[in-house]
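For reference, the structure I am asking about is given below.
Letters A, B, C, D, E and F name the chains as they come in the text, with residue numbers starting at 1 for each one.
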Amino acid sequence: MSETVLLYESLRLMLIGMGIVFSFLLLLVGILRLMSWTALRLAPLPQTEPAALPAAPGSGDGVPIAVIAAAIARYRAGRRR
Amino acid sequence: MSETVLLYESLRLMLIGMGIVFSFLLLLVGILRLMSWTALRLAPLPQTEPAALPAAPGSGDGVPIAVIAAAIARYRAGRRR
Amino acid sequence: MSETVLLYESLRLMLIGMGIVFSFLLLLVGILRLMSWTALRLAPLPQTEPAALPAAPGSGDGVPIAVIAAAIARYRAGRRR
Amino acid sequence: MDQLLKLWQSMGIANMDIGQAMMMAVGCGLVYLAIAKKFEPLLLVPIGFGALLSNIPVAGIGGPDGMIGMIYTVGVETGIFPLLIFMGVGALTDFGALIARPSTLLLGAAAQFGIFATLIGAVGLNFVPGFDFSLQDAAAIAIIGGADGPTAIFLGSRLAPELLGAIAVAAYSYMALVPIIQPPIMRALTTAKERRVVMQQLRPVSQLERILFPFVVLMLTALLLPSAAPLIGMLTFGNLLRECGVVERLSRAAQNEIINIVTIMLGLAIGSKLSADKFLALETLGILVLGALAFCIGTACGVLMGKIMHRATGGKVNPLIGAAGVSAVPMAARVVNRVGLEEDHHNFLLMHAMGPNVAGVIGSAVAAGVLLALTGP
Amino acid sequence: MDQLLKLWQSMGIANMDIGQAMMMAVGCGLVYLAIAKKFEPLLLVPIGFGALLSNIPVAGIGGPDGMIGMIYTVGVETGIFPLLIFMGVGALTDFGALIARPSTLLLGAAAQFGIFATLIGAVGLNFVPGFDFSLQDAAAIAIIGGADGPTAIFLGSRLAPELLGAIAVAAYSYMALVPIIQPPIMRALTTAKERRVVMQQLRPVSQLERILFPFVVLMLTALLLPSAAPLIGMLTFGNLLRECGVVERLSRAAQNEIINIVTIMLGLAIGSKLSADKFLALETLGILVLGALAFCIGTACGVLMGKIMHRATGGKVNPLIGAAGVSAVPMAARVVNRVGLEEDHHNFLLMHAMGPNVAGVIGSAVAAGVLLALTGP
Amino acid sequence: MDQLLKLWQSMGIANMDIGQAMMMAVGCGLVYLAIAKKFEPLLLVPIGFGALLSNIPVAGIGGPDGMIGMIYTVGVETGIFPLLIFMGVGALTDFGALIARPSTLLLGAAAQFGIFATLIGAVGLNFVPGFDFSLQDAAAIAIIGGADGPTAIFLGSRLAPELLGAIAVAAYSYMALVPIIQPPIMRALTTAKERRVVMQQLRPVSQLERILFPFVVLMLTALLLPSAAPLIGMLTFGNLLRECGVVERLSRAAQNEIINIVTIMLGLAIGSKLSADKFLALETLGILVLGALAFCIGTACGVLMGKIMHRATGGKVNPLIGAAGVSAVPMAARVVNRVGLEEDHHNFLLMHAMGPNVAGVIGSAVAAGVLLALTGP
């Protein structure tokens, strides 16, 4: 193969290649969103619990504690177990 | 081999096979008993010590403690080191 | 090869062999000394610090402490980190 | 255009056949069982994922030039991986309960009847159109009843490599199902009074006995059944490393590094044998049915032998512990403990069931040796 | 006399050619960079020492009968070592940030432009007398821009084994130079206001999402790009071991024992490819220049895509995180964090940069698959 | 009947010959020495059990299709296992005492005279009817005097594989006997005054010296004695991993995982060379006698060189430390310490003996290189 043919070849490779990489990862973005949507329907995160928490203890100054607890739960759920 | 011959073959295999497994393990039972008998002659378990213990401290209420100590020694010797 | 030839052969092997082992390790002694000399020029040991230490605190009874500190530094540097 | 066509032809969807798609689903299913149902996850996660990887079209990961295919050749075809795992099992197993009460070996022997009954079942299936098991195939299938993963894989890779995938999956699946399969059989075959028997405390075992044990077992195997010597040899070697007390480093290596690394490799390699043409066949259905049968018969025979020993000892033996003779260490022993506790909340049978449980490991290795000697190449 | 002559002829100095001496110096230089400059020491210490050992005259340690030569044949020629390392990378990587914000995959995609631009650069070098890269050589060189060691080694060993030494050294050297190469490019392409963007806290990710993630990625790869399946397959397998929560033993083995042992072997084996006739050639100079170029272009494209996303989201995305799309985990993400902190001392971008960072790993594995499918044998 | 006959013929007792029975006893004896007498248990337990397994009739575990036979082919025939162990030894060894006082290398050199004297002894045995050692056999036997297991196995597998079993067993047995063999020789050759010499505190050693040390040793080997390069190369590589301080993960892998796994495999593989026709021969008796001789001569020469250094330095060197020059790390150094304490309860020679002790490791690797270069294939 002469240098020019090879260069032309590699240009085509670049276009096709970047095209595939982008399409592939774009598709993956969509599928991952779908996955997360489904997964969170099937098994909601435990951070929904804090929403129920404030109702339980009742009195006024329980609220900030509950909010902090919810924040901590959220934060910890966000990190790895 | 026709199916019937094979079935006959496998029946014989079952008889011989179970025979060997049973004989082998039965023999092993005997040899293991012999082994334990010999091993305990050669190197008796440390639980013989507690038998000597009560004699040492002398007084009456030392006995239950010695018995408990012996039981513990026995129990710990029974578990893995 | 007859036994005698082999014996003669092995005698020569012994002489050459011990010669090489000794020359090799003797050479290594020299090179290691050179290495240490160079290495300690390039990166002096931290035990030079204690030499500067006594100047800092000033007063008389600071000296023995500095000496001990230097000795400890020396000793610890001599061991693996 | 040419390159786009080349690209399309290199895509998975252009090359995937229905069989591969189904086997990828099977792989996912195995991983699901392993994670969600805790079915022997240490093996079924790698096996399932191995099936997934090996059935990806075009990639050929399980083929002769693929990574998993090469691992199979080196580790499973040679028999080295299951033997190394057996070494680890030996290093992890405490044979004390068996040494203290050697008669429980008979329970381990009785439970192996499941193996030989299944052998007849497998050969009998040949009368059904569509089945054509050789005697070697039948022997490899029967060993599922031994409830011992490495033994099943070792024998399967020797006698019927093309059935290995189905055999390994069946073996580990049923081992995971022990807590479901065994209790009804145990309850059906015993009376409440028998299940309430409180057994005598086990005697302590000396270190010398523990050190001599591997040699005694290996010597008997060497003299009488050398075809079982690789399995029993590595089991006793691992156990000696554990018990001798002077090679702590090597014992830890056998219990951790080696067994963990080999488990990953072995799982992936076995997964590569889950191919559509071998697995999506009538044979697999037969293997699954026979495997379940083998487990049930093995459990039943163990319990029945337990009843015999119960009578022979004047009621000193709780027949439930016979069920642990199928091996599946330590799950079967735990099941015995649980069923015992159902009748009497203070009757802990766990230690008593460990004897027959580890006896079952030796029993199925012996049975594998017999099958190898009598049907092997 | 005869024996003394034999001895002299067996000596290294009697057999050493200038090329070997220079390559031993190169080996020492790599170890120096690794120790004194902390250039990816885990790889460059074994690679450098492997080069040293393999260039010792007469000994033939890197040759077909030598230890390192045999390790190369078994582990690198088969592709098994880089795949096992990729399994370990999967087991060590937390993909949570990517799952929480999948759009960062586009940053990982953009950064791969460095790979394809370099491909053209490598082919273009053929116009310079003395260069004669085939398309496969060019593809193997280009993957340096992926900033991913195991991927580069895997592709290099498939497409251009004779260039593997230079490619691996360039890949790891530039990965080590990330903190020096990237910041000027990042500053040049962004405004101070863009660099000060504070991003929204990442949402928490459930365990189910983490478990499904490897399957989703692998499935798409299997369907569309099976040539990337070995790499993506082992990466996702390692990640599943980590996330599934039921195989802690295996996860630890993948993260420690396996990756450590394989790293030592892989490093030595790659070092054996640093021979004078391959490395002390004009090509190596070309590879080093192209590698640097690839890194710069990849970084720039990542940042530019970051700017596009910045506009598209109405200013929610800090374009700096695009630079992390080249992979080089976790160094590139740390560099992003550092450059971000320069503008605003309270703006920690680390977690936000982890998404594109791990996306870059997937992106370069995909790019490797594309190159393998389109130029492979 | 036919099947029963087949079964009988498959039994061990029907096939066992007297040689196998005796070798199984030898294997048990080695394990006994390892456990009860603490004779280098890390090696002798696997070697002994390997002998046991490999001599089981019919099973063929040590044969070409057996597990241990395959491990031998892959790990010992290639020389890879002893080299990996040597890497671990390097990673476990602190060469600080040697760097602080390089002159102790001469003690390590002198102790190698045991090797070359034994060489003549082995060749001399050919005058006794029944012995027929080639020069290569003699060289492989002589290396026992190096008191270094991996070096002996490496050279044995290169020069005289059929004698490897006996050589390895002799090497490790005598290393275990160091506390019994050495003290009388040390006391006989030194005066009480000499034994009481208190040596000067060792100077501290900088990290740079520690990092340069492996390169210096390897370079000299590469230039002068490349046949020793595999051994010295892996030793120094392991030591560099330890000392460079930036690859903690790899250093730990070399010191633990790799050396433990390889030790198990190597031991089993060497055990498989303990077969009746090779081991139950007059040669083995000769090897055992010569091995003991080699140790004694090596110890004596080390002490004599110690006395020379004692005089040359005006009494600064305690000649006892010369005995540590045989290697057998760290046992020989401990023996020196003990004999020194016998004379003066406050004179701890341990650190001073570590210099010649590790010098002995280098010395015997150098001697192995010489033997390989001058008698090798």
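As a convention for this text, a contact is a pair of C-beta atoms (placed from the backbone, for glycine too) under 8 Å apart; a residue touches a chain by one contact, two chains touch by 3 or more.
Here is each chain with its UniProt name: A, B, C = Probable oxaloacetate decarboxylase gamma chain; D, E, F = Oxaloacetate decarboxylase beta chain.
Quick caveat: nothing in here was measured; it's all calculated off a predicted structure.
Novice: Report the chain pair from C-F, A-D or B-F that duplicates the A-E interface, where duplication means over half of the contact pairs agree by residue number.
Specialist: Selected from C-F, A-D or B-F as the counterpart of A-E: C-F.
Novice: Need the CA-centroid distance for the pair chain A / chain B, whole Å please.
Specialist: For chain A versus chain B, the centre distance works out to 58 Å.
Novice: Can you check how far apart chain C and chain E are, centre to centre, with Cα atoms defining each centre and the answer in Å?
Specialist: That pair's centroid distance is 40 Å.
Novice: Listing for chain F: what residues touch at least two other chains?
Specialist: 3, 7, 224-225, 245, 257, 374
Novice: At which residue positions does chain A touch at least two other chains?
Specialist: Within chain A, the residues that touch at least two other chains are 13, 16, 20.
Novice: Tell me, which pairs of chains are in touch?
Specialist: A-D, A-E, B-D, B-F, C-E, C-F, D-E, D-F, E-F
Novice: In their shared complex, at which residues does chain E touch chain D?
Specialist: Touch list, chain E to chain D: 78-80, 83, 211, 215, 218, 221-227, 229-230, 233-234, 237, 240-241, 244-247, 249-250, 252-254, 257-258, 373-374.
Novice: Mind listing the chain C positions that touch chain F in their complex?
Specialist: 1, 3, 6-7, 9-11, 13-14, 16-18, 20-22, 24-29, 31-33, 35-36, 39-40, 42-45, 47, 74-75, 77-81
Novice: Quick one: which bits of chain F touch chain D in the complex? Just the residue numbers, please.
Specialist: 3, 6-7, 10-13, 15-16, 24, 28, 31, 34-35, 38, 41-42, 45-46, 49, 52-53, 56-59, 61, 66-67, 70-71, 256-257, 260-261, 263-264, 268
Novice: Mind listing the chain F positions that touch chain B in their complex?
Specialist: Chain F residues touching chain B: 3-4, 7.
Novice: Can you name the residues of chain B that touch chain F in the complex?
Specialist: Contacts found on chain B: 12-13, 16, 20.
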